[in-house]
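Labels run A, B, C and D following the written order; every chain starts at residue 1.
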Amino acid sequence: MKAQYWISSLVVILIVFISLSSCKSGGGDKIKVGEFASLTGKEATFGTSAHEGTLLAIEQVNLSGGVLGKQLELLTEDDQTKAGEPANAVNKLISKDGVIAILGEVASSRSLEAAPICQQSQIPMISPASTNPTVTQEGNYIFRVCFNDDFQGGALANFASGTLKAKKVAILTDVKSDYSKGLAKSFKAKYSNNGGNIGTELDFNGGDKDFKGQLTAIKSDNPDAIFLPGYYNDVALICIQAKQLGMNIPIFGGDGWESESLLTIGKDAMEGHYFSTHCSIEQPTPEMTAFVAAYQKRFEGKTPDAMAVLGYDSAMVLVDAIKRAKTTESVALRDAIAATKNFAGASGNINLNADRDAVKALVFIQIKNEKFTYNTTVNP
Amino acid sequence: MNFRGAKRWLLLGIALAILASYFSPQFNRYYLGVVIDVGIAIILATSLNLINGHTGQFSLGHAGFMAIGGYFSAWISLSVGESIQAFWYFPLSLCAGGVLAAAVGWLVGVPSLRLRGDYLAIVTLGFGEIIRVIAQNTEAVGAASGLKGIPKLTTLGWAFGFAVITVYAIATLVNSTYGRAFIAVHDDEIAAASHGVNTTRTKVVAFVTGAFFAGIAGGLYAHHKQFLSPTGFDWVKSIDIVVMVILGGMGRTGGVIAAAILLTLMPEFLREFSEYRMIIYSLLIILLMLLRPEGLFSFKTQRRSKS
Amino acid sequence: MSLPLLDLKNVTIKFGGLTAVSDLSISIGEGELVGLIGPNGAGKTTAFNMITGVYQPTSGEISFAGKNTLGVKPNQLAGLGIARTFQNIRLFRSMSVLDNVRVAARLHNHEGFFSSLWRGKRWRSAEVETEKNVMELLDIFNLGDQRDELATSMPYGDQRRLEIVRALATRPKILLLDEPAAGMNPSEKEDLMRLIRFVKERYQLSVLLVEHDMKVVMGICERIAVLEYGIKIAEGNPKEIQSHPKVIEAYLGAAAI
Amino acid sequence: MDWFLQQAINGLGLGAIYALIALGYTMVYGVLRFINFAHSDVLMLGAFTALYVAPQIEKVAGAESPVGCVMVFVVAAAVCACIGMLIERLAYRPLRNRPKLAVLITAIGVSLLIEYTAQNEKVFGSAPQPFPKLLSDYEINLGNLVVSSNDILTVGVTIVLLVAMWWIVQKTRVGTAMRAVSYNQQAAALMGVPVDKIISFTFGLGSALAAIAGVLYAMKAPGIEPLMGVQPGLRAFVAAVLGGIGNLPGAVLGGFLLGLLETFAGGIPGLSNYRDAIAFGILILILLLKPAGLLGRSTIEKV
């Protein structure tokens, strides 16, 4: 019996040897682009949106004849919103499928898991919407087509003390989310600097459905506004319950709010609240109009959100860089991406700075009559 | 009687692991990554098998101990600087993680192992979750953002070396006069106690040993993925390990190893089916359990006395 | 008479409102073979469970070899020399015959966690020694040939015998047998009686026997105590017990008098 | 003081939901002695059933009418009762006499299957969907306190259902049979109790409770998605164990206790971030002091 245990492990090791040695190399008549996204699991909506944007971009490029005379092939892996999965997905895309670049993820924590792999394999990675500042610090192959939370947090703080004229702001963060915590941190730094007063600071767990405990405590502290860096599904419920508790102060947050669901779930409870985001689909630029039209045509009338726009832009920035580099060789491609200047993306003009972050304008949106209405633009 | 046999296999296994490690730079990174995942899964499943299978104490908190080992050894790696280059550094830091996990395992085990069955299951699940929440709130290990920039120290050799050691340790332990107590506690606690087995201590030893190896697995995981996020250690992760143990047949080392391999590879094989893969995965679990309720790899064999 | 080996003084146990054993005093000397009889539910097994530390008496005192055993854990009592069998056989169901006995023999194998992992020379010789002792015991009771069989797959009578062997492997001073004759036919009972006598002589043990079967009890016990509703109603040698009016009443009902 | 009372009201509203889910866990556990991991997914299915039937019922009964609301509850409960019985029939019954752990793994498998199937874009999709208003809700202001009509409804329904369940288990023939099956399946079968039917009935009842809890939960937090059951399911499971699993009033007590604790913890800075751990911390503490839960009876093992 015991011999069997050991023989079986021996067999395993042998199989490992055999399977590992047979390694497939890329090439062929298509340019393979890898994408990893959370298509299932808790944050599947973000992943799905970004994926649809990316897919649309790749299809458009292919329809117009591809790049460098070749068609693009998008290989998508689902990471199930689960820690540990992105590493396998990205490893597979790079080592097994031989992709030339990686697009993804929306959530910073999963981008952070994939980034070292891309960096070590020298495969450029472009994140559509990971705003945590540390993501692109992983190395010179990691890029993003959105602003980071230091910028967003600062803008939100100025908004609170400027537009809202709030003297005291309560903060409610999602303890499970690095995004929420990170954004709250940069907000706090700037807001205190502006002379603002931080009121009650409380946490919730993303996915909770009852927030009255926190809201009641905030209510008794009497702040002028509530800063709520979180994701739309929690945000909508929090706003509903705040309304139920008779709280009439403005609530504001970051780009995690942006989703149609915020309105369909939150309904009238969202009235008057604000959030900052990457772009507004009402932006009157030709790129945005064209994108929205194409997206609605491709996905049966679905209204795109910021994640879809950024997913689209991430793919387009990559395609642009391939065109400029005239090759898919990794070093040249990396340099070309890094040199992206004044790229007219759907979300706005994209300039990548030395930290490989996009320097972009941020827009504030207010919810009025159950609609996202453009409020102001903050330029970097 | 040939007691030397087991140790010889251990040495052979370690030799193979070293050999594999020598060739690993030439391997495809993806396959290599998956195979290291398999090695880690084997450690987790066999160590949980000691608690759940051999000793019969249903624990649902294994991911918590994995988290402790992972975070601690990663934290050491990020603090010591230069010396991580030394060959001896890595096994030492893994063991440090394992020892801390074992210590916590002791703290958890002593009071809670008085409970039985479902109560024990929920309490261990609770401890696992508490560990996760603490990690989520501890700035020193990155809190919610997770711990990043962990050096890549886990190689095929280390993963399989430790897998071999874990399997050896647990297999030899339960096949010794000392370790037969684990199985006695599993079979009949009162009969065991009446024949001189200190049941409480036996359970705690099983729990602590399991936690130790889970801690090692956590360290390997940390230096393999290079990034730790608290959400990766929630109770769903514990359930994954439990599924391996039960599917392999509780208390059957060979079966549990096979199940660990199978369940780690299955989602990879199913990648082709993208959005349907987890549906197929869960269907397979149900079907396997319905068709082979005693465990996938259990045949009508009995536990023979080894000598 | 020298100091008794096992001494119960005014032992009472209550479960909730129910008094299972009340004010029981009984003592067993070295080398004695004592029977404990009584109708179903009289508290015999409960008395056993108190002696072996599974239950704690509500009041009263139990001492073994001059040592108070209240609050001592079952496994420690096994170490002190109290061994038992169970009314409804409790063998280790996933273990072989040999392993079942080897669990009990752990008490005399002092190898610990790390030496069992390292499997050094000392460990090996201890392991050889344990197995030798266990095999000797099994051979004496004609179970040696079945050493690798799953214990619970053996015939009923063999399982009963294996329980006794397992108890003996702890090298007890006193052996507590809980209805060993249950479910046996007359010739098996004869064998069992011989076996008990043999065990007692060979290993110099005291034996406390709980039994239903009068023939067995009367046949081998030197002294018998009778329990009814948790109360000891009689104690004496087999002859005295057979003619004790209270015993007759308990067993045959009041009408028989 | 206002703050304290307001939190108590919030806590009761949340606790009632936990209590209702825990009631379902405990019912199934009481009869089968196993944890039905798929319970929280049945809850989700209940909410989705309501989502799909509500517009239909609205056409008949009118918008936000009490009659329509009751009809939605009944339909959701009935559909989920069928689903529950189906799950039991297909996945659990074949394993009835097998090791309990095999059933546990199957239950986990069923739970994963439902979750992943529901997340598929062709089924419900993973995006949260707005849940329609079944009843017009309003807030009652008592001085500085705010009580939501939804919370009152939830607490009321929970108490009524607890009494109903207690009555079924203690006072009816079916209940007697359930208790018999719980006590000893073989013996019950020998006494002529139709064990399969009773277990099926229990599953149906438990699943109906889950569905009702799901609809109430959806009314409280009107964004429903396939994983909505996971978190309250886990909390309710803790609540059931806290109260002594298998014990009906215990489950309700545990649920309310947990709801109150979480609400109070949520409002305290420095503690709100440990909210996930608090439920478990209390559970561990209580189990160490009372190993069978608050109202559970500890059993003496027969030797």
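The working rule: a residue touches a chain if its C-beta (ideal position, glycine included) is under 8 Å from a C-beta of that chain, and two chains touch if they have at least 3 such contacts.
Owing to the predicted nature of the structure, the values given are computational and were not obtained by experimental measurement.
Of all the chains, the one whose CA centre sits at the greatest distance from that of chain D is C.
Each of A-B and B-D has its own count of C-beta contacts, and the greater count is at A-B.
Each chain gets a centre from the mean of its Cα atoms; for chain B and chain D, those two points are 33 Å apart.
Mean C-alpha position of chain A lies 71 Å from that of chain C. Taking each chain's centre as the mean of its C-alpha atoms, chain A lies 35 Å from chain D.
Residues of chain A in contact with two or more other chains: 40, 175.
Contacts with at least two other chains are made by residues 54, 86 of chain C. In chain D, the residues that touch at least two other chains are 116, 121, 273, 276, 303. Those residues of chain A that touch chain D in the complex are listed here as 40-42, 44-45, 48, 175, 200-205, 207-214, 216-217, 220, 233, 236-237, 240, 244-246, 259, 261, 264-265, 267.
Chain B contributes residues 58, 111-112, 114-115, 118-119, 121-123, 125-127, 129-130, 132-134, 136-137, 190, 235, 239, 242-243, 246-247, 250, 275-276, 278-279, 281-283, 285-286, 289-290, 293-294 to its touches with chain D in the complex.
By the touch criterion stated above, chain B contacts chain A in their complex at residues 5-6, 9, 12-13, 16-17, 20, 23-24, 26-35, 37-38, 136-137, 143-146, 148-149, 152, 156, 160, 163-164, 167, 171, 175, 221, 224-233, 253-254, 257-258, 261, 268, 271, 274-275, 277-278, 301, 304, 306. Per the touch definition, chain A reaches chain B in the complex via residues 1-6, 8-10, 12-13, 16-17, 19-21, 23-24, 39-40, 76-78, 80, 82-84, 87-88, 91-92, 94-96, 108-109, 112-113, 116-117, 120-121, 132, 134, 138, 175-178, 180-182. Those residues of chain D that touch chain A in the shared complex are 2-3, 6-7, 10-11, 13-14, 116, 119, 121, 126-131, 139, 141, 146, 148, 217, 220-223, 225, 227-228, 230-232, 262-269, 272-273, 275-276.
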